[in-house]
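The same chain A turns up in both complexes below, where it pairs with chain B and then with chain C.
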Partner chain A sequence: MADLEQKTKQGASRRDFLRGSGFAAATAVITGPAIASLDEAKAAEPEFKIVSDTTTLKLKVNGVDRTCEIEPRCTLLDTLRNRLDVTGPKRVCDRASCGACTVILDGDLVYSCTTLAISCGGKKVETVESFDSGVNSVPHAFVQNDGLMCGYCTPGFVTACKVMLDHNPNPTIDEVRKGVDGNICRCGTYVGVLQAALAAAKTMKGA
Partner chain B sequence: MPSVWPENPRLIGTRITRLDGLVKATGKAKYPSDMHPEGMLFGAMLYSPHAHAKIKSIDLAPAERMPGVKAVMIVGAIKPGSTLRFQGDDIAAVAAETEEQAWDAVLAIKVEYEVLPHVVTEAQAVAPGAASVFKGTGIVNNQKKARSQTNGDPEKALGAPGVVSIEANYMAPVITHVCLEPHGLTVRFVGEDKIEAWASTQAVGVTAGDLAGAFGIPTTNVTVHTEVMGGGFGSKFGADIWGITAAHLSKKAGGRPVKMFLDRAHEHLGAGNRPSAIAHVKLGASKDGKLVSLIAETSGTGGAGSGSNFPLPYVYAVPNSSRTHTDIFVNGGNARAMRAPGHPQGCIVMEAAMDDLADKLGIDPLEFRLKNLKERDMVEDGFSKPTVDRTPMYLDEVAMGADLIGWKAKWKPRGKNGDGPIRRGLGMALHQWGGGGPATNQVACTINPDGSVEMKSATQDIGTGARTIFAIIAAEVLGLNVTDITSNIGNSTFPPGQPSGGSTTTPAMSPPAFNAAILARDELFVKVAPGLNAKPEDLTLADGQVCVKGEPKLPWKDACRKLGQQSIQVTGKSSPGLASQHGGVGGCQFAEVSVDIETGVVRVKKIVAIQDTGLIIDKMTWETQVYGGVIGGLNYGLFEERVMDPTVGIMLNPDMELYKLAGASDIPEIVVRAYETPAMKARGVIGVGEPPTVSTAAAIGNAVSNAIGVRVPHWPMSPKNVLDALASKEGKA
Partner chain C sequence: MKAFEYVSTASADIAVKALGGVDGAILAGGTDLLSRMKDYVTTPKRVVDFNPQSVVQKETSPGGVPTWTILAGTTLADLLASKALREELPALWQAASEVGTPQIKNMATIAGNLLQRPRCWYYRSGFGLLSVKDGKNLLREGDNRYASIFHTDGDALFVAPSSLAVPLIALGASATILGPKGERTVMVSSLYQIPKRDSDRELTIGADEVLTKITLPAPQGKNATYEARQKQSHDWPLVLASVSLRFDGASVSQASIVIGGVAPIPYRAVEAEKAMFGKPVTLETAEAVAANAINGVKPLSGNVYKVALTKTVVKRALLAAVGNRYWEEV
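The block that comes next holds the complex of A and B.
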């Protein structure tokens, strides 16, 4: 326990140190409104907490409230796969290079292999399993355009495509390329993937 | 009478979407690495951090005391005194309640290493006084020389008056498979002598046999499931040490299932690779462009024991040739079969030399190639008879490809592609492969009284669409829709099916599937004919109806209901004429590139791929395989390379960031065409997974040389290799 307290103190003093150096120097040159917003940020900052051993994580996965015991080092991906049996997102590179683990976290695309689960408490996670799979959907377009072979990268590509189309319903082929450039397929299904994304853009508008 | 494919098929050869597409695209497919049977433990491997070391001592006790740990063991024959021959060599394994605990326990295993001198590159391995990777008969200075193969008198032919020749060095690096689902399995030891496993494998039968063999139990006691799997490319044919170790851990843990999949670095280090190729080549031709002689001294490394040979001479008629190949051994992971093993290397070396010689002769390299095809190049038909001549096929295919890339209008001799910083170039290459399938497999077909149909065999789908192939064939025969058929594959207890390697799955499995469906149909006819006051031979099936002399009389479901309580269950075998057993395909590819000669960056603009493959079952998945092959070859041509650090002996890029693979923005326009004449269809089914990946890297390399006016002798066509070649041209290297 004493150890934990000491760590907490260290944590707090390091934060103070950062404030007192970099931040202080910065405030010397920024203007009034900016200082006010900094103060707001300071007030909104959650209480610093050291977690050791396991802790309980609550998050919403595909619309369902889920709870599990995690260690602070657990990634969101390993938590989904190993603890919650949500296996659509895949572990491939484990280093944010290939996109197979892509999920939607509070509306944003993230690589779940390099997102700590502990930072996701109370957040909303959507994975490929929750997507519409009807005739106007992205998964359906992948099938119709054969944008998959072994299929292991596919959940990541489908997720990236869906979020891209949510943001940009009329993409050019180059915008589609950029939209899925964070994903890697080893079988070499890119031609089908690009066609699928363009086809999905069309049918989703018709829906 | 042996069966023949329908003359005017309704489904075969059309574009059919894959049956398991949606379950994969919605993330609902359960891969072996997704399995989580009740009570499952997580496995993790301890592997060598050193390129070469002796184990002085090994202590598992600290790991056994770690929280959550249920079993710890040394793997294989490892003991104090054992030698580890590469970074990634397996040492010990752990099973624990959580994955994090398993990795902690791996770190807790105490191993004392005596680090030994290493050799991790070909140059290091053959240097005088280099450390020895292992001792063996015929191995000198880490090299094993194969007997040289000589035809005619190559030295004399090369020195003959009027012969124009080139002498050059070419090199392609070691690349790794990078299967997205790592090697491994989830396994449960049941009772004293049974095993159930969910394995990421290209061969459920082989994997079951490996597990049975490791425990001395009958193969009938082992069930291996592979419903779907995440890529193999030739590297996943058995249980592997990791799978067998996981089964031992499960047994030690009282039968609790254990999941054991390699981490990404271990995949690169220890789960297979394509060997490097280093070639010193002399190639000569008469002034009018007829090849006379090839003298090639080649080598390569397949790691700490595997070979590295590749076919050479390749494709073309070379009347006089000599070839000597030397395997170089290094402290690196061992090679495994990788998508058309040997051919991509052979193609790079041969086709680079062909281009360089055509340039020296001042002949259009396309014409030069056509001039040097074999007079006759006989390959097998569907009856295992060598009646098919590949030479006219190549001629047709090259004509198609040249037209689609615009060779006549766009091709300019090497060095004549402009003066600005961006140079454009065209290149081409020819390839060949087998692609037949053995006639040893079986498929069971069941027609149930409720009208449902099941096709079943112990093969598996590595991404080629095996499930869909079965369904197309059954639906064709039974007059049903593809989605009416259930294909059950990926279970080692089913009738024997083909391991998925060598592009053999579709040619090996289509004939027994076809015959099974025919047998089942004929049995149905016998059962329902009396009720229709017809003879069985008067019945046919079309559009979901049983027809009598062509007239629809009874809907499919009503016909099946007449089976009463009893399903029809038959097993089909292969028969001659439906598929090629040894194949023998050809193809050609063309690449158009632009090269920035200031930065060395190569952009591929367009690739044209022409491929013959006999009778195509599903045009859609066929095309996808060709696209995939081309993109695999583009990776080999532009990006891939295992980079070893000679000083510390480790791989510098065992990841997916510095180990480069193409992303969507790297994909050029790709034009795919099947060479599908009636004569090709008459050869029966031939596989296509491998041939289209063979010549892409060679064609890209040739296009780059055409663009910049100098050969880039080292693959991949990375900025460094391109700039090095440009510097050597300017005498700066």
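The block that comes next holds the complex of A and C.
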């Protein structure tokens, strides 16, 4: 199973940094990052590498280092499903609208259908396959609470619910709704999904 | 989607160089560009993945007004995580909180939000920004329920899609742009124009330029955004209004009122701003001021409802700025 703790920590530390940096004092500080990047650019001419053909992608999927050949236009979703045989994330709308392709990329919930695989080199991807499915888990709560009918949207919903509960172990029903805002179920099992999320929150606390 | 060359950089300088002399496009969060590429609405030869830092900062300068700086790569999730921003720029925070979904907030950046292309279904189906076919304007004669109600004399009838442009313009924000000839800074309102010909774009930023940061002076008064939407989430608002107010005692001494979802550019309600001058914000004054916001309105066949919505949204944005959220009290 994947190292989920590390993922949560990573996500939190970036946010914490931003919170902390809300009030910077010196005048010069503000343009620092932009100026620094310009100087670096000048020092390292000729500066950019053009990838126009297939290239080797290395990324960590569910805790395992994976390598495959991709074109720049390959999405993360198609790369996972078609080249790495990680078929938990589903291809439904393919336009960042339905959430069936939801994965966790370096700790953040994203739509893998609208992420270029080539931009994910060296990153950590976690999909529904890596989740615990024991009695105190989100997947189990979905089964117990009828959180699915055809099941096509379910991996996305489970992933979104899991990340939401990692960040907020005691959600209200409105917070659950916000947490799964980015996922759509054509069968309309929303009541079951919301119940499953609340039930998972309860059992995860008890665990 | 069509094959393309790919360049990845965190440096604006390199991004500008990589865009030079080719049919290129900047990739930010990707939620807009990749969808357009999949639909063959946009087919760049080179995609420049510009992935700068995600940083929100407030800088105090001795003797001057403090300045907020939001670097181009700031994700909406990071914007929303800033407590100081939530307290001081509620207009921006509220608008950002309603954009997209948790996934989109993690992916989308402030620059990508400001420079996203219109969501008009004729544009997205390949009929161009003006959506004219065989001499007919498809949006004027077709399904225009989400289209403009202001500036509707021309052929550009889509609505400017960026929810964050509206509060940023109300707050007097500037955008810094890097191009082959160097850096320039423009008001956020100047990023947008109404296209007149098919070859025009609705964005003023050049194809070889990169938006690097947004800066705005710390507001001296109160500000807020209110939006009306058809779906609770995962959609653009039908109409949203942002207000930034300065006070002299209890009366408004300066008002910025900007409305989104009503025109091909973020729409400044100048007459409403004038009407707000010298008055306190009460239920009565807000209603009267909002009535001025719709002067000159010319809705299309299917969006007359937006006129009433605009009045309500402006009224509620004004009242939200002074903490009167009467519509939440049931």
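Rule of thumb we're sticking to: the second predicted complex is superposed on the first by the 160 of 207 C-alpha atoms of A that agree within 3 Å, B and C clash if a C-alpha of one lies under 4 Å from a C-alpha of the other, contacts with A are read in each partner's own complex, and residues count from 1 in each chain.
Operating definition for what follows: a contact is a pair of C-beta atoms (placed from the backbone, for glycine too) under 8 Å apart; a residue touches a chain by one contact, two chains touch by 3 or more.
Since this is a predicted model, take the numbers as computed values, not measurements.
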Which superposed partner A:Asp146 touches (first chain B, second chain C, both, neither): first
Touched partner set for A:Phe131, first chain B, second chain C, both or neither: first
Which superposed partner A:Thr102 touches (first chain B, second chain C, both, neither): second
Partner chain(s) touched by A:Asp166 [first = chain B, second = chain C, both, neither]: neither
Partner chain(s) touched by A:Thr115 [first = chain B, second = chain C, both, neither]: second
Touching partner for A:Pro72 - first (chain B), second (chain C), both, neither: second
Intersection of the chain A residues that touch chain B with those that touch chain C: 71, 73, 94-95, 97, 177-178, 181-184
Chain A partner contacts - residues on chain B that touch it in the complex: 17-18, 20-22, 24-31, 33-34, 36, 42, 98-100, 178-181, 228-231, 233, 263-264, 462-465, 620-621, 623-625, 627-632, 635, 655-657, 661-665, 667, 670
Interface residues, chain A side, partner chain B - complex: 71, 73-74, 78, 81-82, 85, 87-95, 97-98, 100, 127-129, 131, 133, 138-140, 142-144, 146-155, 158, 176-178, 180-194
Chain C residues within the chain A interface of the complex: 1-14, 17-18, 27, 30-31, 34-35, 37-38, 46-47, 49, 51-62, 67, 69, 71, 77-78, 81-85, 100-104, 106-107, 212-213, 232-234
Residues of chain A touching chain C in the complex: 14-15, 18-19, 21-27, 29-31, 33-34, 37-38, 40-42, 47-52, 71-73, 75, 94-97, 99, 102, 108-111, 114-116, 118-119, 160, 163-164, 177-179, 181-184
